[in-house]
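In what comes next, subunit A is part of two complexes: it sits with subunit B in the first one and with subunit C in the second one.
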Partner chain A sequence: MTTMAINLWQQARLQTAIWISLAAVLFAILVGLVLVASMGVPLTDAISAFAEGAWGSPYAIAASVNRALALGLVGVGFVLANRANLTNVGGEGQIALGGIAATAMSLYGGASHLPGPLPFIVPMIAAALAGGAWGGIAGVLKAKVGTNEVISTLLMSFIAVWLVYWCVQSESLLRQPMHNTATLPESLEIPEVTKIPLLTGDYSMPLHWGLPIALVLAVIVAIVLDKTVFGLRLRAVGLNPVAARRAGIAIVPSILLVLFLAGALGGLAGAFMLQGDQYSLKARFSSGYGFDGLVVGLLARGSVPGVIASALLFGFLRSGGINMELAAGIPSAIVMVIQGVIIVTLAGAAFWMERKRSGK
Partner chain B sequence: MQLADPVEMGTSSNSGTPATAAADVSKLQPLLSLRGMSKRFGSLQALSDVSVEIATGEIHCLLGENGAGKSTLCNLIFGVYKPDDGSMQFGGQDYRPAGPAAALTQGIAMVHQHFSLVPDLSVVDNLLLGQARGILKRAECAQRVRQLSEHYGLALDPFARIRDLSVGERQRVEIVKCLMREPRLLVLDEPTAVLLPAEIEGLLTVCQRVAAQGCGVVLVTHKLAEIKKVAHRVTVLRGGRVVATSNKPANEIDLLVRAMIQRDLAGLDASASAMFGELAEEADAGSAATTEKIDDEIVQINGLTVRDAEGVARLDNFTLIVNRGEIVGIAGVEGNGQSELAAVLSGMLTASDGRFFVASKNMTNRSPQEITATGVGVVPEDRHAVACVTGMSLAENLFLNRLDDFRHWGLLDRTALRDKARALMQEFDVRAAGPDIAFSSLSGGNQQKAVLGRELTTQGLVFLLAAQPTRGLDVGAVEAVYGQIRKACERGVGVLLISSELDELISIADRIVVLYRGRIMGHCVAHASERERIGAMMAGHVE
Partner chain C sequence: MSVEMVAVFAGSSIRLAMPLLLSAAGELVSERAGVLNMSVEGMMLMGAFGGAMGSLYTGSPVLGLLIGIVAVIPVAALQAFLSNTLRANQIVTGIGINILVLGATTTAYRAILGSRSRTEIPGLDKWAPPFLGDIPWFGDAVFHQTWLLYAGLVVVAIAAWVMRYTALGLAVHAAGAEPRAVDKSGLSVTRIRYGAVFFTGFMSALAGCFLSIGDIHTFTEGMTNGGGYLALAAVIFGNWKIGRTVLACLFFGAATALQFQLPAMGINVPNALLIMLPYLMALLAVGGLVGRQSAPAYLTQAFVR
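Showing the complex of A and B:
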């Protein structure tokens, strides 16, 4: 979706936007079903496999929600930066950095020896700082030399993704000790105390403490954006940086801070994925959560409740898609197609609304 | 003259002898006829049932206040918008342009209020953009530009980069762009707003020559002097309707004004009527007390210099003192250093050399925040780019520079913001449905009153810098803006007023400083008798 389409989409009226979103999602699912049917798989098989994977059991629901957590955090970060008219597309890299930092801190940073809940909290903080730094670099580039943050955050993502490969390939970094040639290129499993505790204490429904933490953060961001002077200033910076500067608003610190915070949320998403779900750092650690999170942010149209809704949607879509592949033999890439169709439909709808409005 | 009766237009005999309208318009051949044109934007009926006829060789002026529908009408003619209703005939045939390109092919060219030039390209390259195919014939095009420049008195360097040109010069490029197409109808949307008196003369001459060649000219303006000088016919718009037409406008100026603003010119503030180019005889009344306002310096500007990236001095060794309770006017054609002066004084641009003091404090190269804190209010030249955030609400814009006043337990106190905004709206007569309305939905006049209200209520205000504060405003708003500036002045605030409207400056300022190519050309008292002298200095003539 181009920047122009993003802007058009964000200006649409709330009610209109909700209807259009729903219509776009339904249309995309329809396209997905048509594709499934054209592969010769009975629709009932596909749908039941999808439902089974998405919400068929307490475990499935928890897995979907955990996916939504990572997507939502990246989405909230996107919305935050977007308020200052900054488009952070670096969620993937920020997640990767967060994963590396959380792994390092859990395994070798001494976090496991800390008292109380600190063993799992300290790696989370480290992950947020690492992701924040990664986003902050883009902020410095933007503020000092005017590098477009879309370019810098995107390219920094590729660097970060390959940093993960390097970390898990190299024994002097995070790779587990090699005993034989079959030792997988991944880190050791992190100590039990550094794993994020489950809410229920029962692995049949692995919802963990990341859920309430993420919700609290989302509420805080929503309040900061909509109810504080800082949020209003960010909006002024985003809408008209020159006028904001004339009005005495400090532009450079705003850009730095907001990209740092967006990155920190991405880093935290990485920590949640590692400490709450995967427990060891693997080469394909993030596999697209950052980019999907960006889509979640776009779909939310600058609203935090919108992020929560679309993160859940995408979380369930992903889980269902994976099970469709396992159970019904349908490539899970179909979910990607559905996501793509949603975006294209929304962009088209935004352009169409704009044309109608301008009376051309 | 027929009030609200446009249908009969052209049938009355031409009994009067307008100063310049040599041709008997009733005998001219109709070139473009509009019948019952209507256009609606959302809930705004921009035009309703407008019928106008433009003849070959005619200069047809569209007169009206801001928001009267003049620009919309021009855009309908040029094919930018499609009419909701009505029909057009051009050269005797049905005319339904699919877009500006179609209008151009048929021989209608338009100079817009906002220019469409690529800043990084040269004049010639910009001219070639729309027309050239294959190999660029730059030399040929430059030659053509020189011919046209010479013929019409539109001084222009064909190889200058647009970025380096002033607003006035850019407009000349736009006009040349149109003339190169040898149009049958030339539409000019408020072309004189950015020009210097001598240039306005030049442009009016251009219009006359173009018309003399049989081309129709639609000239949008609100300056009566221009109408007197060149108009063959005038159509007055108000609220999207034709409220009056005149075949002998030079004799009916008073009627036209009454139709346009529903008031008599005689009852207007002198500086407001100056905006129509009608300079009242006693317009210098405000400058009577000049000599007594000395020895109370509030702003000292000492050798202020701004160089651009190429090292050219855009503002050169500018030295000036502004006293309390005094209005100092900066006259000059746009692009002669006024923007740089305003930008440096408001902290938006770094001075290369020199210093300035506000209330004895050195404020050179301080941040906008610090400058505001010293008691400096700024009404920037470019309202949309610098003064306000159009995407935010009126209340948010009214307090954009002091949002911290509304911090309550860490949150933004919206109720207090709204209440204070209502008070300010009342005080400065900002007419809007409410404080939460989008700033962009306000008329230009109300937007400017809001900006002025914000800046004039700056904590501890001692100095107001106002750059082109009345540009694009209707007469009521102009009166309000100058009334507020005078009031501040009476409170002892020093005012530096930058304007390209010389008549306005003469009527409101105490003294005038003329800028030319970044240098001060001279100082004058603001008196009508100095008009010629100032005009000469604006054009670079040393005394």
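Showing the complex of A and C:
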């Protein structure tokens, strides 16, 4: 009887959360539309440019979905760490580290000589490990010195972004050999075999194998969080670390593992971006995907299906925004305004959610 | 290294440290009161934008400065409302505000001036203190700076004095260390914290204006480029003490100046290393490798009566 009541209560809460998220998104889009209108661009032009760029062609759809993949992986990592009440804002750095590792492994790590599908799998694993290590450092600092993971992961994001810059500026690291002064500061293109194969085999719709991989990972994380002892332990650590420790849950390994895993998902996102889309490492490689991924995680309010929905929303928003700038001359920065409004509205709305729960 | 180079290096270090120093001093007050403003970056950017546009349209950089300060008020109000009244997660709201301001200023700038405008904007006058400005070799390169730099130093000094020696300063410290005691003493924690966030906004506006109409006399999209986060790093590295925070800002400024100085001296240090150095130092500081950290006890925790 009690379980049923709790289930109903949880369901009601989930529904409120979904409605609030939807309301925030709609409100933000409305703000965006008002901005577009105030710039003197006909709304129909803007909307058709947006639609064209977001889902107007098979290529556009694939590009949007590929963007959503990276955002979604970071978002799933955020939700995972957040279950233990840890806030991983280091997605940007974890993507960057993943990109560096995947590039290094593809170009110089001998991955291209491996048999079978290994040439593109090994760099992905390297990227996940690198991102995981980057997240793990924050875990070590948290567990050993009590450093707030928000501050450490944020600082490490900036360090990592400049590490990418360093790697592509220095020939002794990942910069392509300089033939003349016009040689761009970026890495060589990775070998064909290390690129993630396309699902369709056709570049007019460049969906790649990252899509099923990411979906499988998302399902695994959802199951781990909701149906396993490990997920329950994370929740206990997050809700009340003192009680969790009394109950015999090892706090330090839980923190380390969960921040490692969140980082690994970010690193994998970096591998997807590099091996599935950009194919060579450039400065500003991560280009805000980590911070957007954080927002995706936030928007999802702790649920993995929520991550998928908001990752798709942001992936399509980004694609559509880019085309709005190209085709209708509207700054794609409007998409940032929309995202900012979503975050601020949701963060503010959390107040009413809490108040409702505590029954005040 | 010649005397001239030392002088130029010192001058540019101070100039580059100044926006950090202004915003870090503002942020320090707010963090002492218990509110972490991740939105310093956004506040600076809004200040830079407001100052630049104000100066461009009125033709007067001083009016521009005022407009820059006014432009930050809504941003600070939003942050204060979210973190104190709605008790929202301070980190999340800060990041959200930063994205919002970056998007809004970029959009507005494009709408007003077009995408690749390099419009020269009237900037604040330069000034050198008497005597100091006349020192041979050093005077001109080190002390001939925007007057806002000197005004800013005065404001920082006043803020440090208020924080240390007055009842108001004591109340601000207590709001972040013992909010319950402040409440019992009859003062309003919420009101103190609102005030502290507005002070951060004011200082960040000065910092932003220093960038746009004090230093380079133009506005570029996202021109703060992480400077607000550097200010946060300086507060952390400064261990929430004003003296050490000022030193951290000067050090960060010097590291930035070295990016331009070292190549001129024929020394080859990766640029990226110098740029990431401040973040690395701040990480070491929060990692406990540079003495014990003592953040205000109730930092980021909303107060519920």
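The rule is short, and it goes like this: the second predicted complex is superposed on the first by the 339 of 360 C-alpha atoms of A that agree within 3 Å, B and C clash if a C-alpha of one lies under 4 Å from a C-alpha of the other, contacts with A are read in each partner's own complex, and residues count from 1 in each chain.
Here is the rule we go by: a contact is a pair of C-beta atoms (placed from the backbone, for glycine too) under 8 Å apart; a residue touches a chain by one contact, two chains touch by 3 or more.
Since this is a predicted model, take the numbers as computed values, not measurements.
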Which of subunit B and subunit C A:Val344 touches, first, second, both or neither: second
Subunit B versus subunit C as contact partner of A:Leu35, first or second or both or neither: second
Touched partner set for A:Ala333, first subunit B, second subunit C, both or neither: second
Partner chain(s) touched by A:Tyr108 [first = subunit B, second = subunit C, both, neither]: neither
Subunit A residues touched by each partner, larger count belonging to subunit B or subunit C: C
Partner chain in contact with A:Val229 - subunit B first, subunit C second, else both or neither: first
Partner chain in contact with A:Met156 - subunit B first, subunit C second, else both or neither: second
Partner chain(s) touched by A:Ala244 [first = subunit B, second = subunit C, both, neither]: first
Subunit A residues contacted in one complex by subunit B, in the other by subunit C: none
Contact set on subunit C toward subunit A in their complex: 78, 82, 86-89, 91-93, 95-104, 106-107, 110-111, 115, 221, 226, 229, 232-233, 236, 270-273, 275-276, 279-280, 282-283, 286-288, 293
In the complex with subunit B, residue positions of subunit A that touch it: 223, 227-229, 231-233, 235-236, 239-240, 242-250, 357, 359-360
Subunit B residues within the subunit A interface of the complex: 39-42, 81-82, 346-348, 367-369, 372, 378, 380, 385-392, 396, 400-401, 403-404, 406-407, 410-412
Interface residues, subunit A side, partner subunit C - complex: 35, 39, 87, 89, 141, 144-145, 147-148, 150-152, 154-156, 158-159, 162-163, 165-166, 169-170, 291, 294-295, 298, 331, 333-344, 347-348, 350-351, 354
